[in-house]
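Letters are used for the chains, namely A, B, C and D, taken in the order the chains are written, and counting of residues starts over at 1 for each.
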């Protein structure tokens, strides 16, 4: 079994163990509509986790996704309450995501600010703008049903949320595995100097990655608005940390160049299942981060051990 | 090399030095450890206007914002009150700093609404030491035996423990004594969630027929409540009543119940009396009862105004809470919105 | 003999960052009284320093970790767990001495776990400390069930740490100055400080020069948790009761404030750059803003916006310096 | 083969390159013919790598022109050179470890499905497969680069060059750390390139490779071109003499220090995979040179002595006591000193001031009491050393990356002069150092030797070893093949013992 398969097996093994344990612990865990329920409520985390996967693949980080999500959600709510047509709302949301992503990219690539600090600033600024826009409380009122259909409707009697998750991951997989942009993302993450040497425009790739992350965060903000029908400025607290958790559980390495969107999907399923299981078993939800935390440590320790087995080096690693 | 230490010491000494030489205004005496007797402050303010400060703990919840708006509106009616509002962001350290800045601004009376329970008591002590009357509005307060009890002068709020008890009674009436209840709590560590929980657990034991089959937290958020409720619906087939600790979560739960189209199987009891919750009760869905928390600051301001003028106010002013049900929801909406 | 302006030139050239931050702080100190006449009163300044003390001590701990090129997101939860443990122990009648010693041991334990996982386990510091933060926060919420624990029999000597005064200066401020002096002495005069700089700058070169890189890295995480414990003790000693923090509701946690203070002070996350004075000034800047905003009635969200922009400006200034160094290095590397 | 008129592919006219104040290349005129195997030979520092880096666009020439098929070309990035058909294999392998072989070959030029944005994965692998067969390789193109041995990764780089329809392939020391049959595979590849009429520019220290393959050889010395010879117009002796040219002049200061008793005694020292049972002795005041071609194990010995490698076997005695060294800290405590090969990444702290760089290893012993550093003493001693080494710097507070290569090396040497060490291990002491600084470093080494320090020098520059050392140990494929005293050691003899048989 080649080394690469082993490292990708771990998240899958984690998933299977969880399913088996779940079926014992709660009778109606392993049912079709419970899983459709899990997938339906994982749409927002899925979009943000995919965006975060791209950023982690180039070896950097984006802390501003939670706040961008909230800002887009609040703007979309304002427009939806004013009964604007859905296409216009979608365009505005995409624009917000794009602009935030490009600002992030500009701060990091042109001003040479470290990704952690650059996106932390964006997080604080966007969160403040969100609350200043709504004046603190949520924007309430009645939203017409067709707007809610974005997340509530069914296509071929499968809830639309599941379609979003599946389509998003298929597109993301195609982009990372099959397009030149996707391969260059891995190249930048795997060896930036080498990539630059062979004509990969590293800075352009980074800008595009942050734009993708911003757009996906804004889209998930739109979905939240459709789901709850109001503009809640407190949306998206800690979503960036959850997204990083999902990616790391899925085997994406934070040094860049390793892991993939398929791992992130498994990570998403693992994390969502834990939350769902805890709700079903009526366990205090505060315990959930402990379980995910331990899973991360186990997968991370095992994955790094596996990578160590490469050839015999002369000088000892420190 | 020694010069490098100077860079910091200049700044730190300047702070301490300035504070020592600055002529500390006679009103707030040095916060030395000697107990400052609170009663005998002069009553009238310098220019005949009274300054009342209001420290709100967090500004991201409609109920909290409603309190600040009503405070400003009520103060507007009095012509000789000048209001100072400071806003926290949920972090108790910021709240303490805000209250201290109210003390610096020589307020004649301070109204505080806090979520942080015991961690805020040092700020109450400082207000007390500075001899400024302190009114606690709509938040947890010290019980008799705690020493913080004598720091504040008046507690003007709906008694949330009472609201918890009322919620239990409503649940019992709706279920006629028997049924399964799902409880969705707010941020478990915030005091008003804690008080409502205490109230509910005091009352429920005397209705043996009612069983709480699920209890989860949804952090006051509609989106989280939506997901948590969807999961709970998966796990439990016969649910008769859903009790939420605020309207936001109740509306989120309602959304999930409608998605699972089980609205006719259960009823919803919640608190806060928000506008969209009342409208939900009006068009008669599963949403049956909401117990209104009183965000009206009239009593609090009048208590502060009186204290500023030196006359005393009794220690506990309990604002009535209203139970809004289908029949009285119409006039409640006309009155408030 | 080296002439006067020679040493002065070196002094300015060496501490460009610290001086630019000190100037920013002084400007703020001059502008603030104009904005609000209550700023310059003695009680307000002392309160400002008291509030800054908690963040400053935690930031000095964070400085050690950032200097060696790592990061520690778990100090927020360390402060929580320290607070909880101390109140529980005092309620069970342990003496103050035993409580404080066991608290410091507890935080050393947390620091060791972080350090060992990062150094020996070779894991990403971000992931390790994020996980530790979640685990510790979970432990706090489960043991307290979210309710606050009020201290029944808190000895006065414990309360004095949080609420007492020496002369007019609150004890936490004095402890802050003490921690700063110790840290300054360690970084300037002790071998340990020199080894931190060296490990942060180039791990392989440090190893080749006979530095025990693993021990230094682990000790940095232990120091960081220790400082967080001191800060936690001060916070809980002030109230005599423990309240699980509701900061989850969006206020940037203690760790983000500490990281911001260190970075404003001129340090870079890559390691090897930054001084204790810079961190101290960064924390002071943060404290002054936090004190000034309520005085002039700025809404809490406008505060967060302004703080974010100030961090950006400070980071760009410090990046300009280290950038020129890194730029030159890259060019040289390509030449050889 | 006669001098028939073949088409000139690449021509360098009056090429000039200056680093700081030293001119590294001076009016170089070389022509490369189509399909020929052209070797560049010369000592270390003769300018071979600089020529390649200038051609391949890593550096910009400071004078003269590069003509490709007669037209003047200008490359500002290596990518422009590649597109123009000149691809280069640098000494360090340029690869993305986690991506597959096929992706590494076509990095930046992935074939796209007609019209769509998607990569045509099938075609990508097919093209890679095709190139592999063409060059007679059996590497599975879906494997990841990090799973291949070093030779495999080198082959992939060559395949990448071929896939770029390169008309010129430049190789810098390609056979370094390759074993015998890997080298044969490389030669077979080079023959395949020759059939495809691709010009190969080849740099190597290994004379046997040069003799067996090269059509033409250009000899370089001190940045100037000596001559270009056809394959039949030279033999090993004349080539080496042309390379050396200058006799052992005053370049290496004489030293008559007397040789003391044995300081370092090594008995069948071995590290599996790198060297087997090496035994030698080093006396106080004696300079021992370690000579050996790449992957001969010489540099592994120096690293193992200083404690950088794990799982070494055999005994090492220092001053009579058996050394049990697990890491560099033990070595320093036993008074061993070590100057690493690559000063930038393994030696210096580029963003700390000079005092930090100087005193790091002698803080415990010289400059501190109970953990407190004595700053005044530190500044005085570092000032002394800086004057002694004549390091050109703006002051003790400047950073190493503001210094030239020579001054940086002096700072590193100065680090081990602040305390008295018994054994000084040097790796490539004067690599990338200008001539002026070289002689100062040599005189310092001699002074240290005079004071009784046992010095071990590993260097790929044979001239340096001959000039400096009292005894030369020659290594080849992990074995100690010869121990030549100062008198009997000559370039030819060293080369004989060093060459891979």
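We adopt the following convention: a contact is a pair of C-beta atoms (placed from the backbone, for glycine too) under 8 Å apart; a residue touches a chain by one contact, two chains touch by 3 or more.
Because the structure is predicted, anything quoted here is derived from the model rather than measured.
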item: Mutual neighbours - chains that touch chain B and chain D alike; value: A, C
item: Any chain that touches chain C and chain A; value: B, D
item: Chain at maximum distance from chain D, centres defined as averaged CA atoms; value: B
item: Busiest interface, counted in C-beta pairs; value: B-C
item: Distance between chain centroids, defined by C-alpha means - chain C, chain D (Å); value: 45
item: Distance between the centres, which are taken as Cα means, of chain B and chain A, whole angstrom; value: 35
item: Between chain B and chain C, centroid-to-centroid distance (C-alpha), Å; value: 32
item: Residues within chain A bordering two or more other chains; value: 131, 136, 234, 284, 286
item: Interface hub residues of chain D, defined as touching at least two other chains; value: 308, 375
item: Where chain B touches two or more other chains, by residue; value: 1, 59-60, 188
item: In contact (per the touch rule at the top): chain pairs; value: A-B, A-C, A-D, B-C, C-D
item: Contact set on chain D toward chain A in their complex; value: 77-79, 82-83, 94-99, 103, 107-110, 112, 117-119, 121, 144, 146-147, 149, 273-274, 300, 303, 308-310
item: Of chain D, residues touching chain C in the complex; value: 19, 58-59, 306, 308, 327-329, 331-333, 338, 340, 344-353, 356, 360-361, 363-364, 368, 371-373, 375, 395, 397, 399, 401-402, 405, 415, 432
item: In the complex, chain C residues that touch chain B; value: 7, 11, 14-15, 18-19, 22, 25-26, 29, 36, 38-49, 51, 54, 141, 144-148, 150, 162-165, 168-169, 177, 180, 184, 188, 235, 238-251, 275, 277, 280-281, 284, 290-291, 294-295, 297, 299-301, 303-304
item: Residue numbers on chain B that touch chain A, as the complex places them; value: 59-62, 64-65, 188, 213-217, 221-223, 226-228, 230-232, 234-235, 248, 251-252, 255, 259, 274-276
item: For the chain C and chain A complex, residues of the former touching the latter; value: 71, 117, 121-124, 126-128, 130-132, 134-135, 137-139, 141-142, 145-146, 203-204, 207, 213-214, 248-250, 252, 256, 259-260, 263, 268-270, 299, 301-302, 304-305, 307-309, 311-312, 315-316, 319, 323
